[in-house]
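Okay, here's the structure, questions in a sec.
Chain nomenclature is as follows: A, B, C and D, assigned in order of appearance, with residue numbering initiated at 1 for each chain independently.
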Amino acid sequence: MSTAKAMMETYPGEINLDRTRLAAANDALTACSASCTACADACLSEPMVAELVKCVRTDLDGADVCEAAARVLSRHTGYDANISRALLEACAVACKECADECERHASMHEHCRLCAETCRECERVCRDLQLAMA
Amino acid sequence: MSTAKAMMETYPGEINLDRTRLAAANDALTACSASCTACADACLSEPMVAELVKCVRTDLDGADVCEAAARVLSRHTGYDANISRALLEACAVACKECADECERHASMHEHCRLCAETCRECERVCRDLQLAMA
Amino acid sequence: MSTAKAMMETYPGEINLDRTRLAAANDALTACSASCTACADACLSEPMVAELVKCVRTDLDGADVCEAAARVLSRHTGYDANISRALLEACAVACKECADECERHASMHEHCRLCAETCRECERVCRDLQLAMA
Amino acid sequence: MSTAKAMMETYPGEINLDRTRLAAANDALTACSASCTACADACLSEPMVAELVKCVRTDLDGADVCEAAARVLSRHTGYDANISRALLEACAVACKECADECERHASMHEHCRLCAETCRECERVCRDLQLAMA
């Protein structure tokens, strides 16, 4: 069980979202943020970095958006569905763009292949949680 | 001139957004993130903190979303309008919710009054920039 | 295997740190950041929140410092031991202070008990990695 | 007057640091984080990006460390001098390393020149505040 999930179980109030989907989203967002940060750094070490600058950029965006979303989604006090909904949308978009870009380099760079996979999974669980909120 | 604006002038490539509105958005996002972080902390010092917990929460969300947006919007390499657009929407929503909540306490707490003002201004410039991108 | 560890294996260059300790630190920092964010939010939902404001504050600090450190430590390009070293020190201090504060409430609040545990473990692995760097 | 400074004036409790130096540090940290994020992005747009990867990396570190420090230093509730002190040290180190690296490219790239200047100033005010805390 992830730390985020274990902490969720200790929340003293009610949680206004499907707990299983919420925990899945939290874990996926954290994993995606980590993989984006690492992929950006790995791209910087490739001799062909000049062809990877858009990948670095979408990685950096992905890391920032996913990190913010992971924080917001792990808050339940004074819950506001509007913020969560809009941020999940931004996350799904950022993850999709980053996955698309990483996939273009996946056959050459294992870090891009793995990061694309993590972003795609994060996009999927964000969309799942959005549906569960509707 | 803010640091963000001065740095924007040194960007070696093209910038695909209205520079004046973009710089205004960047400055407003940075100011909003700072004011949300400070308001959350000030609320924690109020004897009536129990009545301010929703305010602390929307402050924390506001700080996280605005900070992520300020970063994303100050990147121009490999620009992707979809990410900026979705994130501006999330920011405008987060700022509106935080402004609404802070306004409820504005007559009692100067930090809430000032933070509401900063959030409202940030919501406005995010909406402006969204329109300029359409 | 955590995402951070899997991504580390794909890094195309050399890594100037003990990989096992580094991966452990990365995972502990991410877990600590998540548990601090969640504990701050859980404290806000407690009826006795007024007695937990210092805990909220050290939680927020812990989340911010651990998140920054997790990012810095997962970068290997242009590695600079001075930054890693100073940031690990700041992390160990922030985790210690947060663990100390959470422990004071551990018998009453399960979220504080669990967060104290996560912070203490993070402090330990940060110190381990510092030693491995000496 | 910056937003951070204006908000500081509304804090309902005591502030255990020299307010002028603290406000200067907050402003410098925010400016430094913004300039590091922008310099990293500008470097990615340079045709000679391959020679700038260490600069991108120290920029990213500088942005993360300064942002975390700006947040921690704008919290006064449950103030803990140990965390502030260790984080100021980490910041001063990260700013120094980033300034050193940016300076190496300052004659060729205006964004590096400006970022070096901002980092150097931030290092200076972090050291000033450290002294004021001793």
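Just so it is clear, contacts are C-beta pairs under 8 Å (C-beta built on N, C-alpha and C of every residue); 3 or more make two chains touch, one makes a residue touch a chain.
All figures in this text were calculated on a predicted structure; none of them were measured in a lab.
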| request: Write down the chain pair with more C-beta contact pairs when B-D is set against A-D. | output: B-D
| query | From the centre of subunit A, which chain's CA centre is farthest? | reply | D
| Chain centre separation (subunit B, subunit D; CA means) in Å | 19
| query | In angstrom, rounded to a whole number, how far apart do the mean CA points of subunit A and subunit D lie? | reply | 27
| message | Could you pull out the residues of subunit A that touch at least 2 other chains? | response | 41, 44-45, 53, 56-57, 60, 67, 71, 75, 77-78
| subunit A touches which residues of subunit D in the complex? | 40-41, 44-45, 47, 49-50, 53, 56-57, 60
| query | Which part of subunit B faces subunit D closely enough to touch in the complex? | reply | 2-4, 6-8, 10-13, 26, 30-32, 34-35, 37-39, 41-42, 44-46, 63, 67, 70-71, 74-78, 109-111, 114-115, 118
| request: Within their complex, state which residues of subunit B touch subunit A. | output: 53-58, 60-61, 64-65, 67-68, 71-72, 75, 77-78, 80, 82-83, 86-87, 89-90, 93-94, 97, 101
